[in-house]
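Structure provided below as structure tokens; questions to follow.
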């Protein structure tokens, strides 16, 4: 496939491995099976760690958990080595294609580090005398391997990144209020409850639990000023819930409009010759998937563009036949500018 | 009515039953009475189940509850049989019109299953020796029969479905954090409170109650690291409240714009001949109801379209004086595309 | 003033009273003093009720509270009688202008009933032997008299009314889930805690407190299924916070756009002759206040319209001098339609 | 630099101090070092206050905290005096440039008062015999000095100010409900729990903690009516979380559109001559930073304007070939109007 037939069997195997591990393709069933197999194994690992922490289950089936752990680490180790070995044939990341530098760069990438963390504790436990319970709980971090398979998370992270300055400012205001509230609570309650409000860090625990509206009730104010302060912190906390909600609502709305505008532009281009060809249709479907737009929205955009084109359709005065619009002057999109 | 006079009395009765049970019409008072009667009966059933669970009331009036239950099951059984019998004459669902396949399809539909669940426990209790309290509580599921009568819920479900990928990604991130938080809490608190943080599932209960900002206070962290973790989970929980709020705000806004665009299009079509006829006006009112738009918004849309039409009014080339607008070139809305 | 000089002194006094009590005018200082005086008195009343409920304060200063109460009731009674007497001269509500029917209509209006509730308990206490503490607490209802003076609340109520169908659907879904959760919690916990989960209403109290993420902790689940249910209800509760936030965000956004469009239209009309006269400027400022728009938004709208006008300025081809736009065909806004 | 060479050394030093303390410039490394140094010192102060409140740490290292405090107060005092001295040379605030009135105005400004509060308690403690713990906690207020360095907070405050009327109305409704709920709770629970619901202020503490969904659990209703009330307050509280979230979402969205419109306008102006010069590019980047827009949004705006220009490119009447667009008629933005 794609010109790899002329290569040596070794390089062919490496390219095939890269295709299996790094690309998502509808036409490659084996690649899908590998993905599904890994997802199932990761999920089973998480279930195993959770169940093993229950004493009764651990006592009854400890050996099986041990065998399963060895099997899992073997598979994940093979996966890790195979990824590092074949990454230089990953067609989507030319930056990793250099035999040495590419592999090092990949090994320092976020996803590769997660893969390493998934297996490292097992090997380290031979050399270091670590707490067994901690080691077991660390296995739970394997759950992060799943993030490789979720494409919709990209949108979440994008909105968070774009709104990061505003969210950061909101957090800064919260921290300001938290420090002031903690020191006031310390002053108000320290004498009445020297054990619970023993220091500002202790008061801060209470203030965070109140400001996030969790309100466990293990620490509660008893003095009138402390109670007044608690009520005020609760009200501020209410605003601290509303603030990020408002910021994110604006962010998601903005991201949606931007993604819709990108689709609109492509539909405009596709319709430049008056009709959407099969190839263009496939391209548009790919873009809709990539932009994480839902079908209803995508259709609405496509319909709106067609509608608009139809109204402008003649492009020329239908009676005197002269062009009213001149499309060809559109500049190429300069995405790097500023 | 509508051409059913020439049918046999049996088929006339069936068609009339279908009209009573499946359609909503202002001009058919009996159909409205049937609907209102069923809504009242369902509501009374729920009140009865709730009251019967109070021991004092049950002891004082057990017999009346029993008679009411028999009466209710009789009515709901008749309703169920009548629906299955007459569904093949339901003009709104041609897919159910086949005498055998149509009825089976209907019986497997969501609404029919709810109707069945409402009566099945009563009949099953003759054969199976089930816990009486469980049986009684199951009657509460009759409340779902009410969902047949709420049209505004459609919008909620639509927004949820459209935003499902983003909400799903948000949930995935939450679950990731929940697992990590639970295992860290287990490590931090297991030794100090071996009874409350006995296993990761136990720690997970605490982590969910904290992350949703419920904070019962039956389980609270006592170690410094546990308290720090509790405060962090509270802060994350605050984001977990804000995230779906932001996603849904964007979704509702989007749905509103789309529904408004649909009304706009119809108003444009209705105004193509320059005036909204009585029939077109009735159609528009029907559409406004169907789209769940409020009157203020609907009027704003209609006014805007009229305004726009008025401004474009000449619609002719200012130079040769012939119409520039050619509405008939508008393609039919392709709702299946992509 | 406004043609009242020719009236009898009695009717002049009544018209003046109506002007003092029912209109807000910058040019009538006495009207402002009456408003401010009433607002201060209402606020003092609320402070008094709250303070009087504290035993120590009541014991120390009971008499003064009594004298203040008699003074307040006297003023509020005079206000009530004066309003009923003069309402028929209220120029803003022609529907109240009939001497008998108008007064009865006014007395049944929301604001008049609140005024009546503010004084009725005092008079009733002479005839009915009511609990003194209840009577005193009822005085707190006087706070509702303040709602007469808040104009920004109109927007809140408008958004709530417009989104009422969607909010209603969200509440219906919540109630459905609440009933199901309560009956499941009753089944799961009744045997383990027969005192706390004694009946479905009792379980419902716990379910509401959990679903609203309050989580007092006075009732907590102890069985594994109950704990799982509690965690699930918490997660659902999180969605129940997000849902109205999303609906209201969309509603406020929509209301803002609509109000801005209304201002835009008026600015367009004012600029029809090319310039905003002093009178038009005053009208626009009045509209901005009435629409509850902030100055920044209002200026942005006015600037945008001016900008647009400037670009279209010629309105005619600047070279061949023929009109490209025809404004006079704009229909009058039909606000009642549909 | 900028013409200060001809001044006396004293005035040169003052102008240099003003440049160091009041301006942010990439080209002045010393100014950046001063800023960073002050930020680090403020942060260390906060850490010190928090740590010192822990008894063990205070006992072990009390002296070091004392020396650090003296050092900090010295630096902050020098900073304060230097700011008051040099403020009259601050080029960004001409209103402070008068030697006496300008300095007094500055000393009464928000930032200067915060600077004063940061050092005042230290000097006052020599004259007044204050509680040492209170004095120490007051040092935490130094954290407000950090607000000078956060530019993104401006957007938060702007949105809050613009939506203040609507938020105020929401708060007013909350307070109304709170008073009613408190007095009802007082009536319902006073007899059953005379110690916890001793007065309306006491009931109000419980009502706020419930309405903000904090729910400590130190005070819980025990009577059926009290429990019903608690559940209702919880539901209202849910709305009280949703309301500000919705208001702020609309506010942030609105602010974003306005800022984007401002950028659009500048890009239009920059493109009037067909090309963006280097100087214009630098101006635009400066504006993007100032408006707190993210790069993706900024690029989208610039691209959209270019696209639009390109489509209108001919800008000439297609028949007589002369320009239709007359940019110079655009009026200057009147930001003070209304």
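Chains here go by letter, A, B, C and D, matching the order in which they are written, and residues are numbered from 1 within each.
Here is the rule we go by: a residue touches a chain if its C-beta (ideal position, glycine included) is under 8 Å from a C-beta of that chain, and two chains touch if they have at least 3 such contacts.
None of these values were measured; they are calculated from a predicted model.
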Chain separated most widely from chain B, comparing mean CA positions: D
Classification of the chain A:chain B interface as same or different, half of numbers criterion: different
Relative orientation of copies chain A and chain D, as a Cα rotation angle in degrees, nearest 5: 90
Inter-chain centre distance, chain B versus chain C - centres from mean C-alpha coordinates, in Å: 30
In chain D, residues with contacts to at least two other chains: 204, 213-217, 241-242, 245-247, 249-250, 253, 319
Category of the chain touch graph - line, ring, star, complete, other: complete
Complex contacts: residues of chain C adjacent to chain D: 46, 49-50, 53-55, 133-134, 137-138, 140-141, 143-144, 146-147, 150, 152-153, 155-156, 159, 204-205, 208-209, 212-218, 240-241, 244-253, 256, 281, 284-285, 288, 292, 294-300, 302-304, 306-307, 310-311, 313-314, 317-320
Chain C residues within the chain B interface of the complex: 162-163, 165-166, 168-170, 172-173, 176, 179-180, 182-184, 186-187, 190, 198-201, 204, 210, 213-217, 220, 227-228, 230-231, 234-235, 237-239, 241-243, 245-247, 249-250, 253-254, 258, 261, 317, 322-327, 329-331, 333-335, 337-338
For the chain C and chain A complex, residues of the former touching the latter: 213-217, 241-242, 245-246, 249
